[in-house]
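Letters A, B, C, D and E mark the chains as written, and numbering starts fresh at 1 in each.
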Amino acid sequence: MVMSIFLEPFPASGQTVDPGAPCKVDSATPAEIINAIQEAGIVGLGGAAFPTHVKLKIPKDKSVDTLIINGVECEPYLTTDHRVMLEQQDDIFMGIRYILKATGARRVIIGIEANKADAIISLQERAPYDLPVTIEAVKVKYPQGAEKMLITALLAREVPSGGLPADCGCVVVNVATTAEIGRLLPLGRGIIERSITITGPGVKKRGNYLIPIGTPLRYALEQAGLKKNATRVILGGPMMGFTVSSLDVPITKGTSGLLVLTDKESQSTIRKEYACIGCSHCLDACPIFLNPSRMGRLAKFEQYDIMEKEYNLMDCFECGSCSYVCPSNIPLVHYFRVAKGIIRDKKAAA
Amino acid sequence: MNQPELEQMTAAPNSWHMIRALAGIGLMCALLIVSTYELTFDIIKQNKAEVLERAIFKVLPGAESKAIFIVKDGQVEKLIGDGNGETRYYAGFDANDDLVGVALEAGGQGFQDVIHILLGFNPEKQIIIGMQVLESKETPGLGDKIEKDPAFQKNFEALDVALSDDGSSLKNEIVFKKNGTKSNPWELDGITGATISSKAIAAILQASASQNMPVLYKNREKFKQQ
Amino acid sequence: MNESLSYIFINACLVNNFVLAYFLGICPFIGVSGNIGTASRMGGAVMFVMLVSSICAYGIHLMLEAINAPFLQLISFIVVIASTVQLVEMIIKKFSPALFRALGIFLPLITTNCAILGLALFQTAKGYNFIESLVYALGAGAGFTIALVIMAGIREDLDIADTPKVVRGTAIILMVAGILSLTFMGFAGLGG
Amino acid sequence: MNVLNKPLEIRTSPHLKSSVSTNQIMFNVVIALLPVTIFAIYSFGLAALLMLSVTTIAAVLTEHIYCRLNNKESTVGDWSAAITGLLLGLTLPPALPLWMAVLGSIVSIMLVKVLFGGLGYNVFNPALAGRAILQAAFPVAITTWHPAFLADRFTHIPSSSLAWPFTTATYDAVAGATPLGNMKFNHVAAEVSDMVLGMTSGSIGETSAVLILLGGAYLVARNMMNWKIPVTIFLTVAVFSGIVHFFNPTTPTPLFMLFSGGMMLGAVFMATDMVSSPITDRGIIVYSMIIGIMVVVIRLWGGLPEGMMYAILMGNAVSPLLNRALKSRVYGTGRKGGAK
Amino acid sequence: MDTNTFIKGLWKDNPVFVQVLGMCPTLAVTNSATNAMAMGLATAFVLIMSSTLVSLLRNFIPKQVRIATFILIIATFVTVAEYLIQAISIDIHKALGAFIALIVVNCVILGRAEAFASKNSVGKSILDAAGMGVGFTFALLCLGAVREILGSGTFFEYQVFGHGYEPWVLMILPGGGFFTLGAWLLLFNYMKERKAAKMQEISA
């Protein structure tokens, strides 16, 4: 059984939403806005579920000049961000106002993949004149939606190894997160539902669903309809998502998508593993120029120290590109996760 | 007694021991080496002379005795005593004490390392009559055919090294030819597959002959005085 | 014989590499080639000691010739090399602690490195003059370092390889050395 | 809901996979070698056919038997043993005694591949190292060339090919010389056009530059070969030998350099061997330049007419160092992060 | 007599195959069985003589200078050996070249002097040195035999295979030395492993 807290409604309760105190963008101080975001329980909705109020609290010794709104889908198959950009433009711009005030940034860039012209146009049309906002199209490639990649694509800056976006003067917020801030803060409400892409070859009615947080997957998937040959249910996208062993798992704030694969895709990903032949495809694929080939070999022989010290293992954000391209079918990302875990344990023990 | 003094007391016999041991063993070793050297000196000298003589007699077919000459102040003269350093000419004589030829050492860059050879000249006829490899690191089975290949050795039955008219240089350059294409007496018939080593020999011959042949020819009479 | 300086260098460094063609210094070649950093430092130390002992050997040779005692050659070479290494060790320790930390542990090992003694013997046998001896030592040292570092690189890769259990250790190193030795044969005839 | 009744599959991400796999890459290398192979058989006749089949079969069998003896799953299916055998055959002279070729195949697989841990761990290219060992072991046999396009090549097998194992072969009277050998020892340059088309003598598979390039282009088009390696080698050789040729016109022209000997076969099919070449981008460039420079140096100033084999082996030997020394700059390191 | 001391060096602690010591001469002069034999005997001679002397003087030599004196003693006997070989045959001396002088730095000799002779009685030291010397010679012969038979088709210069044999020149080249020693070590590793596996079987 998955570890979860099960809440049951109190039968006698009125089941009404009890709003908190609204937070007005004009009158609130930055600290108040950040506090309100924490109260609303808003986290990064791109998938990482990192608490947004932590992200927006810029350390005293750093300053931020640019706010980047991440409108790039984090993984293939997922389309929630696209829907949000088409349907909640006003919420997005309201959210931007809150974040600008909270972080002290002076300009805003919304990064959107070049193949989503409709989203670019609709956002441009609705952009308020008093906001210093530009909308930029970025190349369609995975993992463009990762924070570091987007910063480099838009600003030609690099986040230092082991650092945060604030170290290079910017802060990145997901577009859906921004929309939620803009929607919830004026009302003083908390986050209780989110939009989720339910898709994959194993799903009958693919699409974006607005689902209350805590709903079991079973219920959500019943609404979408499962095909008979479905074998694998993935929380998140195909590159970084996790498989679940039970459909009793609830949808959380961090669930950006539900992907259901069938026998066919499963078989194509379970293939014979060969030794690394040094084809260097993984080096070309790695967005942050690591050497997955070498690290894979080191991991196989448990040389974790060398991986960390000489090959920057800790910078890997597990995008899965290397495993995807590897002709020898080596589960590189898996190795790296294990290695990182072991190194963290060692450090914690020390 | 305080600390330093105590240390001195105990250290003194130790360093005496050390000096005694080192000196004693050094002395013993020196004795051993010198006595071995003295004991074997004559045998080794004889051995070496024999080896050299064997080689000389090989490159000067028919020779049975030899005499060593050196060049001093531009003049060829007989070497008396051990001598040191000079280029030596080994004159070989047959049973009737007639000069067979003059042997001398030559060397040059080979395929792998320097090749040392002994050459037998006949100054009268201006030909090379013998070649013997003293030291080479040529590829076994390939480059070392310069020592072992009878067809290659045939080159040195009478290789022409005639001097030009003024007697200061060779008339014809000794050149290497591919196996079986030798057409002139001053050409060297190469070994198939060991082109570089054969070429190296040709180059050594050319260098040695053009340097020494004029001297040999000029002094050919002097070598005859046994 | 007229051997140009470039020929002496290339010959000692590549064509007749001390390790791969003359088998000199095999012990450190096998012992200290596990790691690139260590190997390159060892190479540096050997090159340095080679230069120093080449100069010493040249002097000794002159002296022994003067007193006409060739039988003392070997014994004085080994004694002088051993004491030079000690001296060098002390000097480095005194004047450059950083260098000492980098080279220190290798210096005593070098005393019994046959490449050093071999160098002294070869340069004497070949009758090189002072400059030629220096170039020869430089070439031999560079060749030793090249072979050692290449071997270290390969061994670092072999440490994370699926080699069969029986070849691990010295056997596989010798096999690699064999192939390297063949590779260096390609340089034959260079520099002539 | 049907899905509820069966266990769900648990796997780690990513859940997608590109379709290329190692055995496909290897198989495509074999395909790319086919034109060269067919031309080799056409130009050298039965001798080449026998040689290539013998080396390939011997290589595959050796690996298969080794795996069987060690109770492992046979690794023959990844095609790499077949490539090794085929490539070895292509680099040998056509009239080499077949027993030597078989010995070469066994040595390539056992000594250079299996002892190092098999596919992926071999430091040196097995076919080339095998050939280097053969060259050192039988220097005469491996430098005895056989002319191409003999009239009786489809009916007559050179007597040396069928020499009894471990005995010295007797050669047919016909002898060929490679363009490089002619250049080095007799100062006769072959026509470049002949070398491009493959009308000259030489190792079985190195004569036709056009077909080798065709095979290479096929692999590049399928993203199964790193085009930077051959291109850098060619550029280095052309520039270096061009400079030398400019100052000393008696040396071969860059075109002659490029199209003679094992340059094409080596640069396209041997130097690009993924396992034994570096993997970092800058490492690959330096590796190729080392090969290019070394081959020109050996050809012009060395004792041997051809140096491609030694150059690539040297490249293989320094690859681990290049991989270590020339790493790519990892994102967020080295360069200053922000515009601040 | 303590035969164990002798046998140990010959097989169980063979200086080349087990301790992997004295590689330089092992590889350099084993291109023929004759050279290997001569080198082995010369080394054994120096080994026995220096062990004897070291053992005799073991109480006379202070600890601090023992390495220096050992090297001195060894160098002396090597010089002696060099002159003796020259007196016996110039050809052998030429074939072995500088490697006779290099016996000085053969770690087997210094190792035995330091580890055994300086701590044991003369008789025992001689036995130990003889065992090591014979073991070393045996190992050299193993290499020399393989290299000469394959590389020249002869053994102690007697034709083994008849005249049609195509020699594997590689074997007498430096590369062949590495390969042959590597192969011998492989064989020893393999036997060791087999033995270990058997022991395990028995105990299980």
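Please note the rule applied: a residue touches a chain if its C-beta (ideal position, glycine included) is under 8 Å from a C-beta of that chain, and two chains touch if they have at least 3 such contacts.
In this text the structure is predicted, and so the values were computed from the model without any measurement.
Among the remaining chains, those touching chain A as well as chain D are C. Shared contact partners of chain C and chain D comprise A, B, E.
Two chain pairs are in question, B-D and D-E; the one with more C-beta pairs in contact is D-E. The greatest centre-to-centre distance from chain E, using averaged C-alpha positions, is reached by A.
Chain B and chain E have CA centres that are 32 Å apart.
Chain centres here are Cα averages; for chain C and chain E they lie 22 Å apart.
Distance between chain centres (mean CA atoms), chain B to chain C: 29 Å.
Computed from the mean C-alpha positions, the centre of chain A lies at a distance of 68 Å from the centre of chain E. Touching two or more other chains at once are residues 71, 75, 161-162, 167, 172, 175, 179, 182, 185, 188-189, 192 of chain C. Residues of chain E found to touch two or more other chains are 68, 72, 75-76, 79, 83, 169-170, 173, 175-176, 179. Those residues of chain D in touch with two or more other chains are numbered 111, 117-118, 120-121, 133, 136, 139, 303-304. Pairs of chains that satisfy the touch definition comprise A-C, A-D, B-C, B-D, B-E, C-D, C-E, D-E. Residues 139-140, 143-144, 184-186, 303-304 of chain D touch chain B in their complex. Interface residues of chain C, counted against chain B in their complex, comprise 1, 3, 7, 11, 15-16, 71-72, 75, 188-189, 192. Those residues of chain D that touch chain C in the complex are listed here as 70, 111-112, 114-118, 120-121, 123-124, 129, 132-133, 136, 294, 297-298, 301-304, 307, 309-311, 313-314, 317-321, 324.
Note for the complex: chain E touches chain D at residues 161, 164-166, 168-171, 173, 175-176, 179. If you check the complex, the residues on chain B that touch chain C are 29, 33-34, 36-37, 107-109, 111-114, 137, 139, 196.
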